[in-house]
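Scroll down for the structure; my scribbles are underneath it.
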C-alpha cells in the first residue's frame, strides 16, 4: 500500500482545521470520489470548482457524514471524524449549507432558523435570529410563513442564514449564490469574506467560479471525482485550463 | 404579432399580493426575459401563465384565445411548455422516458390502443423514441440516454427538463432560472441553446438571475418588483434604469 | 397398523378464537389420551389441526389440504357457520365424513349426505330462551346483536320465532366489531315502548361489556344472553354486572349441579376433569362440541370396523343415544344433528357463578 | 337536552377520547418519521394485557398499571430499534408494511403469552355510574377524558414550544437536513416510538376497564385511531383529538338516532365527506408544496 | 428477434412457462387450489400495482371491489338465475361505474389521506355486505353456483387452473402493454410530479381515474372468478385485513414491478400454508418473516433480486 501523495500545500499548512486524505465515495457500484486529499487551514477561505457531476456535492456530503467514506480519512482539528455521525460533526462546528436549499417546508421561517441553532443555547439563538434578520430583511417580514412557500431565492437566503445560526467553525457551502438576485449574490460573497475574516473557516463550492476564485485564498479543481488541480486561487483564475473549462473564456 | 397577453393580472396568497395588476405582452418569436428581486413574483407569474395557479383577477390571452380558465394540460395542448425552478423530474422514470412523457400529446394517449399495443402505437413510440434521443443529444445529454433520472447530477437534470419541455413542441417555452447551478462554460452553452431554440421559431420567456445570460439573449426585458411591473424595455434601457439597479442589479449586476 | 387420521380446521385464532381454542384443546386432549390407551381398533389416532384464523375464506383450502394432502379419514370442524358452509361442496364432492362444530341449522337442513353437526342449533337456544321468557310473562323483547355470524343468526332466529311464541320484538339494535361501548343502543332499547326483557346475541368480550353497560344505564328488565356467553370469562369480565343474567347452555356448564341420575353427569364430569387437568383453565361448552364430534366419529369407526369412508358415514348416521357433552345424540337419515331441546338447560348467574334453574 | 341525547354524547365522547389517544400515537410517530405505525393498536393491547396479567398474578394495582405501560414503551423502542431503524432508507410504504408485520408478530406473541380469551381490568374508581341529567357516566370515562386533556396540553406544548418537539418535526420532514442541524435523528426516532408507545400504553390501561383486554382488542382501536389522526390532520395533536371526538360522537349519535347497523358506515361517510371538503383534514392546513 | 428478449416479452414467456409447467409437479388438488388462489390474487395485485406502484396512488380498499365482483356473481347467478358470464360482466361494469364516480372526489386526496379515503370506501362496502343479510346472507356468507359458459361447466382443479392461469397471463400481458405505452408513461409521470405531468399535456385527473377504474374492474373480475371457484363467499372478502393483504402482496413483491406483484401474491398466498407447521407460533413467524423481508429486501422481492443479479452480471463481466 502506497500512502496517498501529500501535496505541497498540505505539508505547508502546519495545523490544518480540515484534513482529508485518500477519500473515496461510492453510490452502490459507482465510484463518485477517488483518492481525494485536501487541507484547509484554520480561518482559511477555500473554494472547490468543477463541472456538472464532478462530485462536488458528493464530497461535501462525505465531509458532513451524510455519505460514508468508502476509504480515506477526514480529520477536523486533528480529530479523526471519519466514522462520526453527521449530527456529532455538527456539534464540533462543521456546518453545511446543502445543495438545493433543503428547507423544512412545513415549518415557519423562524422555526427553520431556530433549528439551525439547535446545538446552541437560547441566548445564542436569539442573537443569531437578530443577525439573520438583519442580513435578510425579506425573511423577517415573513417569519411565520411556512418555508416551503417562499420563493426560490428566499429559500436560499434561509438556508444560508440557518447555517450561520449554528455559529460554524467550518462552514461548507454548496453553491450558495444559486437563485439569488445579483444584489444578493454580492451580499453573500461579502458575507463569506467577512466570516472568513472573523475567523470562520469556509469551504465553498461554486459554479460562479469566477467570483469564487476572486474571494478565495486557495482553490481545488475536481473532475470526475478526482482533484486534478490545486493552487492559489489567484493563480488558478489565470490558469488557461481553468479559464477554458470553467470560466467559459 | 402578440403571442401572449396578460391583462390586469393579480394573485394573492393571504393578505399580500404576489402579483398585482400586471399587464404586458410578448410577441411571437422573441426571447423575453423577466427579472426582479427574489420574491418579486416571477415564478408565480409562470405558474399563472401555465395554469398551476388560478389568478385572483385578470385575464391571460395566448395565441388569441382566452386561456385564463383552462387547466394546465389544456394549455400544454395550446402550445405552452415550461421548466421549473424547483426541479420537477419524474425520478421514477429513466431519463429517456422523461423526455418521452414530453411527447405525450404527440403519442396516442388513448387507453385501448395502448392496452392492446396496436402496431400504430408501437410505431409511433419507436419514432418518438428516436426523436427523444435526438433531443437529448441536442441539449447535451447524450451520455445519459440510458440513465435512471434519480442518479443524475443536478446540472444534467436541468437539461433534462429542458429536453422534456421541448418535446411538448411548444409555441412558447417558459424557462425558470435555467442557468442556476451551471458554471460559466455551461451557461455559455445554454446561451447558444436558447438562441437555437428561438431560431426554430419558439418564443422563449426566460426568468433568470444570471445577468450575463440575460443581457446576451434577451430581445426584451420585463422587470418585476413586489408583484408589479417596475419597468420594461431593451437590455440597454434596463441596465441604465436607476430603479432597477437599486432594487435588483446592484452595481455588480449592471456591469456583468 | 396405519393410524386413523382425523383432520380438523378450527378458528383457533382471530375473532372466533374464543370458540376454536377450547375446541382444539379438547381434540388434542382426547386424541392424546386415546392413543396413549392403545387407540381405536388397535390403531393409533392421529390429529391434524389447521387454524383458519377465523376467516371463512381460509377454510376451503385447508379442507382440500386435509383431504388431498393429509388423506384424512374424517373431518371435524368449521368453528363458525361461514367456515362450515364454505367447505360443504368440497366435502360432499370428495365424500368424506364431516362433523361441523358450528351453530346454524342450515348446515344440516336440508340434510347433506356427508355433513353432520354437534352443537345445538341457534334456533334451539332461542326457543329455550323464549320459553323461559314466556314462562315469566315477558313478551316484549329488545334485542341487541353483534356483527358476527353467530350473532346475526341468533337475531334472525329470534325475529323468526317470536311471532310463533307470541312475543314481540320491540327493539332491534346492533353493534360493530370491536365496539367498547354499547350505551347508545341500550339507551334506545330502554326507550322502546313496553320493554319487558332484553336479549343480547353475541359472544366474546362484548358479552361482558354489554352486561356492564346494562348496569351502567340501569336498563331495569330481565337480561338474557345466549350460549355464546356460557363461559366463566363472561362472568369475570362483567365484574359483577352479570348477576341475574340468564342464558341457555349445555348441561356441561353446570355439571356439578346436575342431579346424580342425570344421564350426562358422568360424561360431563369426566370431560371437565380431563380438560381442566390438562389446561388448567375452566371449561367452556364449546370444547364440548368438539368432544362430541370426536367421539361420534370414533364410535362410528369402531362400529364400522375400519375407516372405509362410506361405512363410517353410515355408522355416524346410525348414532343412537350417544351420551355426549352437549346432550344425547340420536341421528337418522333425516336428522344429522340428533339433539333436542331437552339437552339444553337454563342457567342464571348467581354469586359469580352459574346456577342451574329448576 | 334530553337524557337520551346526553347518554349518546357521553358515550360518543368517551369512545372518541379513546380513539383520540390512539390517534395521538399515530400522529407522534408520523411527526418524527412520516410513517403510519399500524402497530399502534397493539401498544394499547399490550399494556392492557400485561397489566391485567400482573393484577391477576397478585401485583398491586398501580404497580401493575405502571409495569404494563413500561413494557409497552420497551416494546415500542424495540420495534424502532430492530425493525424501523435497520430499514432507515426504505420508502414510507415499505416501513408501513413493516409495522403491519410487527402488529401481526405482537398479536401472535400476546396470544402465546396471554392466551386467547378475554379478561377485564378493575375500573380505577369503581363501577358506580355517575348520573348527570338522567344519563349515566362511568367514572372510568372521566379518567379517560381527564388524562386525554392533560396529554393534549402536554403534547401541544412539546411540539410548539420546545426545541425537542421541533427537532422531531425536522426529522420527519427532512432527515438529512435534520442531521445537518445537529439533530441526532436516530435518537429522535427512538424517542418518538417511545412516546407513541407510552401514549398507547396509557390508553391501553385507561381503556381496559371499558373495553376488556384480549389479543385483538387493538385492531379496531388502531383503525379508529388512524381515522381520528387522519380526520384531524396527520401530525396535529389537536387534530387527532378533534378527529377522535368527531368519529366517536358521530358513531354514538348515528347509533342513537339513525341506525345502529350502519353506525360505523355513517362514521366513515362523514370522514369521506370531511376529507373531500378539507383534503388535509380538519387541522391539516394547506399544502406547502411549491414548484 | 431482439425485441423478443426485452424484459417484458422474456418475463411474459417465463410466466407462461411456469403456468404451463406447474401441472407437471403439482401432486394433488390441494396444490392446485393454492396455485389457483395465487393466480386470482396475482390478477388483483397486477391491477393494484398499476395504481400503487406505477401511478403512485395508494388504495386500502381494493378488497371491497373484489368482494363486489364476487357478490355480483353470487347474487345474480344464484338468486336471479343470470348466466355467469353476464353476471361477471355486470359486476365488472357496476364496479367500473362505482369506482369511476367515487374516484373523482377521492383521488383528489393525497398520500395517507387517500389511504384513509379508500380504506373508508372498502369498510363501507364491507359493512353493507355484512348488514344486507337478505341479499348477501350476512356474515355467514352465501353459496355461488358453478361457472357455466358456452354450454360447459368449469369444474375440477384442472379446468380452473387453466382458466385462472389464462386470465393471469392475459392480465399481465395487457398490463405490460399498458406500462410500456404513452398511457403507462403518463401514469408514472403523475407519480413523479403532477405539475410537470400536467404541463406536458397529461390530463392528471383523467389518468388517475382511469387507473383506479382499471384496477377496480380487474379486482372485480378476479372476485367473480373466485366466487365461482370457491362456491361460497363471505363478507370477509371485503375486509380491511384483506385490503391490507393485497397491498402487502404488491409491496412485498416490489412496487412498480408487474412480475413483483405476481411473486408477492404467490409468496403471501403460499406462506400461511407453509407456516402451519409452526402451529401456535404461526402468527409470530408470519409477522417476523414479513418484517424481515421488508427490512432486508426493502425494494421488494423482484426488484431487489433483479438488482442483485444485474450487479453480479456486471461485476462478472468486468
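To keep things simple, chains are lettered A, B, C, D and E as they appear, and every chain counts its residues starting from 1.
Assume a contact is a pair of C-beta atoms (placed from the backbone, for glycine too) under 8 Å apart; a residue touches a chain by one contact, two chains touch by 3 or more.
These numbers come from a predicted model, not from an experiment.
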Touch-network distance, subunit B to subunit D, counted in steps: 1
Distance-maximising chain from subunit D - centres being C-alpha averages: B
Where subunit A and subunit E are represented by their mean Cα positions, the distance between them in whole Å: 49
For subunit A paired with subunit C, centre-to-centre distance based on mean C-alpha positions, whole Å: 74
Length of the line joining the C-alpha centres of subunit A and subunit B, rounded to whole Å: 30
Subunit C-subunit E separation of Cα centroids, rounded to whole Å: 36
Residues of subunit D touching at least two other chains: 111, 223, 261, 264, 290-291
For subunit A, residues that touch 2 or more chains besides their own: 149
Shared-contact residues (touching 2 or more other chains) in subunit E: 127, 131, 193, 195-196, 280, 282-283
Sites on subunit A touched by subunit D in the complex: 64-66, 85-88, 90-91, 95-96, 98, 102-107, 111, 114-116, 118-119, 146-149, 162, 166
Of subunit B, residues touching subunit A in the complex: 13, 36-40, 42-44, 85-86, 151-156, 177, 180-188, 209, 211, 247-250, 252-253, 256
Subunit E residues within the subunit D interface of the complex: 52, 58, 105-106, 108-110, 112-113, 115-117, 119-121, 123-124, 127-128, 131, 193, 195-196, 240, 244, 247-248, 251-252, 255, 280-291, 294-295, 298-300
Partner subunit C, residues of subunit E touching it in the complex: 27-31, 33-34, 37, 127, 130-131, 133, 138-141, 143, 230-234, 236-237, 272-273, 276, 279-280, 282-283
Footprint of subunit E on subunit D - complex, ascending: 30, 36, 38, 83, 86-87, 89-91, 93-94, 97-98, 100-109, 111-112, 223, 226-227, 230-231, 234, 261-262, 264-265, 268-269, 271-272, 275-276, 279-281, 284, 287, 291
